[in-house]
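In what comes next, subunit A is part of two complexes: it sits with subunit B in the first one and with subunit C in the second one.
Right, the complex of A and B next:
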């Protein structure tokens, strides 16, 4: 097993991750739209989170945004109620997302569309709880959160760089580890995976929690960065859909697939989506249909067809 | 039977809804021994393998492996102990390469690279090592299924209709392969429709009908047993 490629000091895919992370460290000095860069990093991280779950285990979490929103609220409330410094609060957000994932772990017994829909329903439930006016004293209910006191555009940008690096780290690890191989075996044929010796329930839960933790971190960091938000905006289904489509477009179970998918499609969104949303919806719709029809395994499968290894 | 039996199955029952798929099946199998399990379609052969390997839990009865009750263990725990199997319809990890298919099992059994290489040679899969499992034909997928089970270092191997669909030359080599595996000390339970194939491997068979054992003994005695003849011709 040549899991750890020799000579270059980093496992397969490692240098690409370092390159992309370095790019986002340098870009703010030469490009003024920092919010765009921030959001791009956020989607790159979320796409890798989807990748961890869907790419490696085959579970498609439409309700993924539930973890993002829980992270946003967990971190914000840690700042507002516990008066924690934002960086610690981000960890609280991640923990809240992981606890939610533990609570929802039984959903993994469902398969295919049932899981996708149940996870969506679960994230709606969390949204309705958080935004419930009766909880105003705790969550501010539908009126949203203001973190004005903690606002720090540069620090929160730096935090997202770290979250992105973590997300890449997780996927590079999975691409190069026994756990990643075991997860792919589970995706392909769970019963055979058991006979190969894999504890399917445990490994699958592990991927689910990792994936939730990434979304929770991204959500908390987003909350810190925008500092004022409504429950609707952090439990927005579009966040799930974007991250899923970006990941599928590039190609799951690879490191580069979701990166390329996010850069291209989120780039496209910012290029025409904001000024001419109706055209973006059209193009986006066409992309999704083409993807399903002709490239169900994403751009990466084009390269694999000509025998190019995609890290 | 022998006190050294590796697998002792006693009065296993399993029902699906109102249908009794296993109805008090008992079996014993020693290391290095090959036992044939035959019976008409739907008689419960695959169900027996499923229950012994942990895919289903029995409603009643016990399974002892090396003296230890294993009937309540999840599949992977039984696999770690040394129970493994192939599938009537092979279930390889289709999107992974042939060698990756084996690497997964190697992680848990501790089999090294050379063992994987030898196993690929042994099952004539070496030239296909880098191919995606999905691109293999059905005979190759059956051998891959068997290879995956072997890399897990089984002490008991349950094989379900490996011979179906093989040509005569392939059958000959498969019989040889199974005998080599048994001679290394692995206990083999061979579910088979093709009696000529089974005859090459062993003389001892259990004949099942409707989830029950109706005969145990040498294959050629079974072939003269009126009840067995009745079931095969009538069913």
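Right, the complex of A and C next:
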């Protein structure tokens, strides 16, 4: 099998990711709204994180934001309580998210909608624990976190570029490796995959942890970038929903799908969503319904119909 | 104190059974999880609120209007999307996502139509005097909600077990294909079941201002999750099992609010995860789930 496209030094899809990452390195010099660029990168990374799990294994994590929030809190508490430098603290955030994912790994025994709702419930539980006033001495409860001392807009922007590159790297790897193939086999037919020698439990846990780590990193970097936030804002269900719909819209289990989906829909959100969120929500809902009825495999399937390979 | 907590738990338990029973009926008949369930409850609440503010209609008298409006809405919704969904490659996941989209649409339209303000119907609509039950005093609205819920669940029982339509409905629940092959009009039965499911949510909505707090357009998803917890505790696909789930949840909620108030909000989520992991078929479930 040609895992590596001939003639260029990168695996298939690699050049697209290098291009997008390079774009976000150059854009701040010519475009003033850095927060928009930062959020765009964050959703690109989260959409790829969703893609790793939902696209490749079929598990729809409604509670994905739980990992984002625990990454944000893990990194912030590492700065505030352990006095770690922010870059190390981001890794602590990712480790916390991965530990949470390990704790929740039994949820993978559930399938389909059960998993989706159970993961939503799990993220709510984490939210209620973090925001509980009784834990004020540890997490500041509902009063939120302030990282004013560590605030550094440029460094955190650079960190998000790295997170984005990592997220792309993971998906390019999955698109071109045995692990990715095994995961898609599990998605289609777990029993047959097991017969074919795929270690179903190990591979899907692997995807689960990878996707949690990406969300944890994105969450920690977000916390560093905004430096003041509340539990409600980093455990906001809309973060999961956005990332899921962006991924679905573009096309799951591809590298380009979530990129295109995020650029279009998050662009739309910034165009009408901030001033009139209800009209955006309406468009968003209609997009979801239309997708399911007419284009269940996303925009990427339009290209596949005319026989264009989507990396 | 404990007697008060238990009786209040019973009233809320009956009410939560009503909140969730429609979701379970729809799941039982169509095998799809109506993620817009809570949003239909919200619409039912706004209908009752509208009738109250426009004409002073007591929520109890709003029930017939709720039933007519939402049975029709359910039948229309069924024929618009469900047959197409059930014949797709992955009906369970696709319907889940589609109904999520529908929930977003309903919520957005509700904000556009009613604004983001919180609304309430004054509890004095049932008389200002509290009611005494077994020596414990409760707000009249709680008792009325409990009684209406019990009556609605009795009606569901009569519909499913004492009518010809219910007989056919249970046949469709047991096996869609076999029911079709015996000559049952599966689409008609399912469409009515979806209508009844939505109407039950809407009736629960009429009493939500007294039991769940103020009416607001974004209350839907929270109520859907709580309803899902309740039906999973009872037993998925068994509408009357919902009563057990509702009672367990109502009693649990009241005990938590009495003894650990700051942790009470976590209860439905913790219960949901525990039941799904330990006993996915619910407290009354008999079938063993595969894989």
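Worth pointing out:
Basically, the second predicted complex is superposed on the first by the 311 of 311 C-alpha atoms of A that agree within 3 Å, B and C clash if a C-alpha of one lies under 4 Å from a C-alpha of the other, contacts with A are read in each partner's own complex, and residues count from 1 in each chain.
Rule of thumb we're sticking to: a residue touches a chain if its C-beta (ideal position, glycine included) is under 8 Å from a C-beta of that chain, and two chains touch if they have at least 3 such contacts.
All figures in this text were calculated on a predicted structure; none of them were measured in a lab.
Superposition model on subunit A: subunit B and subunit C are shown accommodated side by side without a clash.
Of the two partner chains, subunit C is the only one that A:132 touches; subunit B does not reach it. By the touch criterion defined above, A:97 reaches neither subunit B nor subunit C. The angle formed at subunit A by the C-alpha centres of subunit B and subunit C is 80 degrees to the nearest 10. Applying the stated contact rule after C-alpha superposition, one finds that A:184 touches subunit B and leaves subunit C untouched. In the superposed model, A:237 makes contact with subunit C only, not with subunit B. Looking at the shared chain after the overlay, A:170 reaches neither subunit B nor subunit C. Set side by side, subunit B and subunit C differ in how many residues of subunit A they touch, and the one touching more is C.
Once the two complexes are laid over each other on the shared chain, residue contacts for A:260 go to neither subunit B nor subunit C.
In the overlay built on the shared chain, the residue A:192 is in contact with subunit B alone; subunit C does not reach it. Between subunit B and subunit C the least C-alpha distance in the superposed model amounts to 9 Å.
Comparing the two interfaces of subunit A, the one with subunit B and the one with subunit C have residues 191 in common. Looking at the complex, you find that subunit C touches subunit A at residues 33, 81, 84-85, 88-89, 92-98, 100-109, 111-112, 221, 225, 228-229, 262-263, 265-266, 268-270, 272-273, 276-277, 280, 291. Touching subunit A in their complex are the following residues of subunit B: 53-55, 74-76, 79-80, 84-85, 87, 91-96, 100, 103-109, 113, 145, 148-149, 151-152.
Within the complex formed with subunit C, the subunit A residues making contact are 58, 60, 106-107, 109-114, 116-118, 120-122, 124-125, 128-129, 132-134, 190-191, 237, 241, 248, 278-279, 281-282, 284-289, 291-293, 296. Interface residues of subunit A facing subunit B in the complex, by the touch rule stated above, are 1, 178, 181-182, 184-185, 187-189, 191-200.
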